[in-house]
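Same chain, two partners: chain A is paired with chain B first, then with chain C.
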Partner chain A sequence: MMSATIPLIDKELVGQHGARPGAMGFLTDTTLCIGCKACEVACKQWNQLPMDNFGFTGNSYDNTGDLAAATWRHVAFVEQIGDGSGQRAATMAPFQSNWLMMSDVCKHCVNAGCLEACPTGAIIRTEFDTVVIQQDICNGCGYCLPACPYGVPALSSTDHKAHKCTLCYDRMDSGLEPACAKACPTDSIQFGPVTALMEHAQTRVADLQSRGVANAYLYGDRAIGGTGGIDGNNAFFILTAEPEVYNLPAYPELPQDKVGRAFLTTFGAALALGVAAVVALRG
Partner chain B sequence: MDLSYKRQWETRGGRRRSVPDKTPSSYYNIPVIHKAHWGWLVIVYFFLGGISAGSYVIATVADLFGGPETRRIRQIGRYLSLAALLPSPVLLILDLGRPERFYNMLRVLKLRSPMSVGTWGLSIFGGFCGISALIQTAEDGLYGSSTLARRLLLALPSKPIGVLGTFFGFLVGGYTGVLLAATAVPLWAKNYLLLGPLFLASAMSTASAAIMLVLLSIRGTSHRTLKRLERLDVIAIVLELVLLIAARANLGPIIARPLQEGKVARVYRWGVLGVGITVPLTLLSIGMLWRKAPARLLGALSSLLVLVGGFLLRYVMVEAGHASADDPQATFAFARKKEK
Partner chain C sequence: MPGLGARLGRGAATTTQESLADSDCVVIMGANMAENHPVGFRFVMKAKERGAKLIHIDPRFSRTSAMVDVHVALRAGSDLILLGALVNYVINSDRWQSDPFFQEYVTHYTNAATLINPDFKDTEDLAGIFSGYDAKERKYDPEAWRYAGQQGKSSANQNHASQDASALTELVGQQEAIPHYDFTLQDPHCAFQIIKRHFARYTPEMVEQACGVPQALFLEVAEAILTNSGRDRTTAFAYAVAWTQHSIGTQIISCCALLQLLLGNIGRPGGGILALRGHATIQGSTDIPTLYNLLPGYLPMPNATQHHGSLAEYLEQERPQKGAWYTMPNYVVSLLKAYYGETATPDNGFAYDLLPKISADYSFQPMLLMMKDGDLRGLFCMGQNPAVGGQNAVLGRQGLANLDWLVVRDIHEIETAAFWYDSPEVRHGELRPQDIKTEIFLMPAALAAEKEGSYTNTERLVQWHDKAVEPSGDCRSEAWFMYHLGKRIKQLYQGDTSPLGRQIEAVTWDYPTVGATQDPDLDVVVKEINGYTVADGKPVKNGAALKDDGSTACGCWIYSGIMTADGQNRARNRKGDERASLGWGFSWPSNQRIMYNRASADPAGKPWSERKKWIWWDEEKGEWTGYDVPDFPEHKQPDYQPSPDAKGLDAIAGDAPFVNMADGRGWLFAASGLRDGPLPTHYEPVETPVSNLLYPGQTHSPTVKQFHRPDNRYHEIADPRFPYVITTYRLTEHYTAGGMSRWVPWLAELQPHGFIELSPELAAEHGIANGDWVTVWTLRGEADSLALVTERLQPLVIDGHTVHQIGMPWHFGFGGLAQGGIANNLSALVEDPDSLIHEAKAFTCNLRRGRIAGHAQGDRP
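Our next item is the complex of A and B:
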């Protein structure tokens, strides 16, 4: 049973995914997350990422804020304290507290906006079907930033290049699982072949729903999260509230699918302006 | 390490909220997507690139169809297209995080990346601007009357070169709009069909205004030559206005917020729509309807205002995009639009 709060447009697309053979990815099951931030720390340690900021958001237990150049895992804390009318919640969703925690990460899209936007070819697709920014090529043009519908890549203030999660390419290359998945104490972050993970995710969603978590659903397939030409994410999530609650877009689009049509109208306008110039200058 | 660096959400003072009572509709108002870092360098480039592209197109059309009456337009157009183009690569390279690696742009051509298409388009168009300006110097007798350089340059097929260069001129004038449109930024992406034409129309209006200003500041330009340029300017401005209205209507109330409230909205309303379009259109129509009007004064004033408006249009488009990217509600509205 899908709750009415999570609008699925195409229910028949649930679990469908365009991942290529041999694709590796993450399943981040937010119902298992305890917000310990071990993934954030493990990621920083393994990838030798410096501090992004030393600040206090005043929002929650989350002083990380969002994904950034040196923050490739970000644990979101959504405190659902009240019941909407100013009263303290008297009931609690089954199998969960009124605290949603979610470890956000690069989605490693099947068709990635950042990769297609990159004018230097610095962003590549690896043999694991993941998306990696080659640091020896990137020249810091910054076009991948607005090209990502999830706000993942970011420019570093130290080396002025774009950075994001590599799905621990170096560890995978040596047969190890990514640092965040390895460190996760509750197996909220699971790593494996995308096909197997996707099957597991659907079993898990069905299990959660049968236990009374009617809101549980999969984010990152063709039905929601991996929509609009993106064709699914290799890093997907099990969520229990609307995507917006976790700062995720519900139906993102691959920006580059617009390029062809945009150039067509532009050349249409060019033709019109050319004719206008002939008419005006001819006398 | 630079510890003064602030993350986006940290610098957006006043928009933080305490923990809300009910399920929040966004994650503490933290932006969903990352905005582009583009600032003045890119805004100035958008402006100059447009003038360069428009000038080249106007010079070619004047060359092919204008006859002797538009000789000066062709001359100034060719020179102006090169002059406005020359700073462009410098501005773009300076805008890179790692300028010394700019040449990495030239290791691939990706047709679905407007940044890549634009890099190549600008490089090739630069060559055309250079050749056409060189031919013009020969025609203007810069190398004497019978030197080898003059004969070589005049032997070049200037008209076919102009036609080919015009294609790349249109590409350089319009790709900037597609560049903005092919992103996840709601205010840009929602109008993906209109931004290219809008930037192109503005390229033509600013270019004809720039040529007009140069023509007015030198002697010996006939009234009829100016009138032709003025007509083109009016057509381009009207098209620009129509596109702006269509784009604004297409945005919907939430995504259009940066054009409705705040500083950028004021610049849009008074600078772009007022100073850049309405006032010059009024001045130009006064000049067309009232024969005794001081034509040169009206022409100079309206050209100046069109240039100011064209610059502000680039500013507003870039800055409103940044504000739009920072607004989670706009991103959500854009990413939910398929909902029935």
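Our next item is the complex of A and C:
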């Protein structure tokens, strides 16, 4: 079903991932998510992040809105209850159905746009192959913001520096799993070595498909989500609807990979304009 | 939970959350388990992983619905029709009639074959009323529901776990003699035939007409539970207060017990009924009760209007001769020894006369009226926020304003402490702070991590937690507060020889204190709860070690065994495994995890199947063994038959798993123990958009308790002024009346404002857009909040008419960060006759776009 709606770049790339040895990451399996937001609270508590963006959105049960400087996990809620004619869902596909919930987080890309764009060296790759912003070095220039194809890093209005998920570097350093994974009651958020999680994710997707969840797929490999030079995400997802439904890009690209194309386009345009001008003048 | 107690013997969850993982089908109804019990819901997800079918039956599509295979949207308040139709479908199905498992389970383990008094008349015979009804008193005389041949044998009652004191004494007449049976189930007076006739009109067509559930969908559910019950498969039901909070709540629950007995699902892994308790230790607060009508361990509170004048009279009245409750004197005397120590002697009836005695209904709702009417002068509010969470909260706040004094112990300045300057009435100028004479004391409470103690969770499991940090400032634990308050009261009454003074002076109140805060030593408290021998102070091994001669003292007999002989608190144990996890915490009774587990084996004591093995008879050793603690006398042979004059557990046959019942059987027909009838019967909520389609002359329960007064007015049946059904509920992000969550930034921001959920269809009728202000009102009060327009709510067609349902979380109030209109301003005081619980899950209202007059109009917050 998904293969029909999501034209993969290359089927050969499904499950392919550029994980480096020792890489740690998340598998967020939305088919197990009950939308309890324990991940959001556990993250804020461990990382001592303040309440932010307080207000009623009216957007289902999502009053968080988006990942932000003080929000490093965000549970999206997408209601697909009715069929458009007023008829509501009653008999449904197994696991999560018709009210989609997905705990979004920094993808900790294998090739991270934010890291490459950071002019001060504040953004580093750790020994766990995760991407962390060092707060004592960040000068708040904000270059990492547009460099992220997923819109993850954000500038704080309090300290004016860039912030995002650290995959609980301090907890990992002490042999603990990240706070969100620890708090998740249904193991929708799983933490572990990327290669093992990737293997598990593929088994899980196959299992889901065999049990009637035909549209289950992995987001974050070289085929989808971890595309465009990113080479895979260390935090990947099992989804059951198109990426855009969850506000995720289907084929994200590293911005720097666009430089060549952008240059050529600009150059080509200039050339074309020049030729046109010459032609016009001669006319 | 009298609904379970009356049919099974104990009013508590029969199973564990962990056991749901072994289910082949889980039906969640009257509960929103994923939202309100997210940690326990992991076991439902485990069952799903293993291939179980998940069904959610609920008026709303909630976060639970999102995870299941089938969501059935029904009209709030119509639950019993659907359950009754399941009963009817099951017993008339080919599978149920032809599979010997069902016949064997039902004839041996339930009272299906028992003959009932031939004069008994069913609701089918009397147009919606059972025989024995006194229309003037609005009460039943359960004498009319007795087993055949046993009328008038008045001695004692048996369903202690299910009943409060007054109910117990109203329902005297225990089934003493050996009943008469027809094991072919053909006799028209046997319980089974009565049930068959009783539910005959609860059909799929009726479900469609009265619940708004398409027949095909109902049949899918019925087939699922039938297919997934039997020798090798089990279906579990999970419910919560969305069954309890109805004027027939007890009977809705009891109908589930009846259905699960018929399906052979009680006492077996992956089966049973999980009563999801709404608060962290609400099970504990009924075990060692905060209820006015129970003493610890479900002993009835002495009642001044009954023959309870002396210990001997009380025991004569309340002690059953057959079944596990025969040993009740041991528990009562040991409790009196724990309360009164050396003052309690055999010569003075163990100081029984010092126990206070009740004389009326002092449950929560009448208390609110007593406050308002000036009959109740002072109130302690601990862990409760009635200004928001109490029914008819407008009346409740007026009651608070009429007290002499009010003590609120909480972690925040909740609405119940702040109503005098911040309530809607004060903001509107209806009430002026200077006119409120209540003296209010706000006492800071310690947080969970700042104190040690225990939680008794939804599955009767006691788990200990340690103190992580000292409480800050003047914050103190409940134990500290109660202990030191008690000490000061005792000091105040020293030398007072009045009856009240004697009562207070005689109470033993001498716990050693520990630490900088001088908290009472809770190890000593746990030992007292467990019970100990008076002579040497050693903990008793279990409830069987308790005596009625004053040689033992015990604070709560059902918790006996929580402490080992060497003083280890078993609630601290944390050793889990893949089966019963007997090494994790302590579960009453006797550390049993699945109750009535004798039923997990066939009458001969063999497991019904390898897959559903749990407890079985070991012929060689001559004992019951298995994965769990047997809920049965250890060495009782499966073929044991009692002599007619046998007493206590000796009167229970070897194939009778329900040891608290006089006949050891699960009661399909409840010959006593319920005030509103021996069989579950559908009556409409007190406020309903339709009349009773099953019993047209009898829309409401004939025994529902109402409080007719100008400040608690009810709507008419199908009242055109109040056309919509409203149901109230909770969200994952907040906790009850909000005292622990609405002030906490990390939780408040997740649901920052109250809201009202309504369908796009209803919103369109009123021109309401998502996020608009909406005002909802009833004859009790009004509340405004923000509209959340969602297809998760849907209009239903009931008896040919469209019925709209709206939903409103009841967490919100005028204090804290996350605020919103108070849903309980709308609800009414009304009582289920058995549980005395209100009806906030189904009543009627009206709504309009905009705010309450005088509130700032305009943008949402």
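Here is the rule we use: the second predicted complex is superposed on the first by the 244 of 283 C-alpha atoms of A that agree within 3 Å, B and C clash if a C-alpha of one lies under 4 Å from a C-alpha of the other, contacts with A are read in each partner's own complex, and residues count from 1 in each chain.
In this section, a contact is a pair of C-beta atoms (placed from the backbone, for glycine too) under 8 Å apart; a residue touches a chain by one contact, two chains touch by 3 or more.
Small disclaimer: the values here were computed from a predicted structure and weren't measured.
Visitor: For A:54, select first, second, both or neither according to whether it touches chain B, chain C, the two together, or no partner.
Guide: After superposing on A, A:54 lies in contact with both chain B and chain C.
Visitor: Please indicate which partner A:72 is in contact with in the superposed arrangement: first for chain B, second for chain C, both, or neither.
Guide: Neither partner.
Visitor: Answer with first, second, both or neither: which of chain B and chain C does A:37 touch in the superposed model?
Guide: It touches chain C, and chain B stays clear.
Visitor: For the three-chain arrangement built by superposition, which of chain B and chain C touches the greater number of chain A residues?
Guide: Larger number of chain A residues touched: B.
Visitor: Going by the contact rule set out at the top, does A:219 touch chain B (first), chain C (second), both, or neither?
Guide: It touches nothing on chain B or chain C.
Visitor: Please work out whether A:185 is in contact with chain B alone, chain C alone, both, or neither, and reply first, second, both or neither.
Guide: Only chain C; A:185 stays clear of chain B.
Visitor: Under the stated touch criterion, which partner chain does A:90 make contact with: chain B (first), chain C (second), both, or neither?
Guide: A:90: touches chain C, not chain B.
Visitor: Across the two complexes, find the residues of chain A that touch chain B and also touch chain C.
Guide: Touching chain B in the first complex and chain C in the second, residues 50-55, 58, 60, 79, 81-82, 86 of chain A appear in both lists.
Visitor: Help me check something: in the complex, which residues belonging to chain A touch chain C?
Guide: 32, 34-38, 40-41, 44-45, 50-56, 58, 60-61, 63-64, 79, 81-82, 86, 88-92, 94-101, 185-187
Visitor: Considering only the defined contacts, which chain A positions touch chain B in the complex?
Guide: Listed in rising order, the residues are 7, 9, 50-55, 57-60, 65-66, 68, 76, 78-86, 113, 116-122, 137-143, 145-155, 157-162, 227-228, 241-242, 244-253, 255-256, 258-263, 265-270, 272-274, 276-283.
Visitor: Using the touch rule from the top, collect the residues of chain B that touch chain A in their complex.
Guide: 1-3, 5-10, 16-28, 30-38, 57-58, 61-62, 65-67, 69-70, 73, 95-99, 101-102, 104-105, 107-108, 110-116, 119, 166, 170, 173-175, 177-179, 181-185, 188-189, 192-197, 200-201, 204, 224, 228-229, 231-232, 235-236, 239, 321, 325, 328, 331-332, 334-340
Visitor: Show which residues of chain C lie in contact with chain A when the two form their complex.
Guide: 34-35, 38-39, 41-42, 45, 48, 61, 63-73, 214, 217, 220, 731-733, 745-753, 755, 761, 770-771, 786-788, 790-792, 794, 817, 860-861
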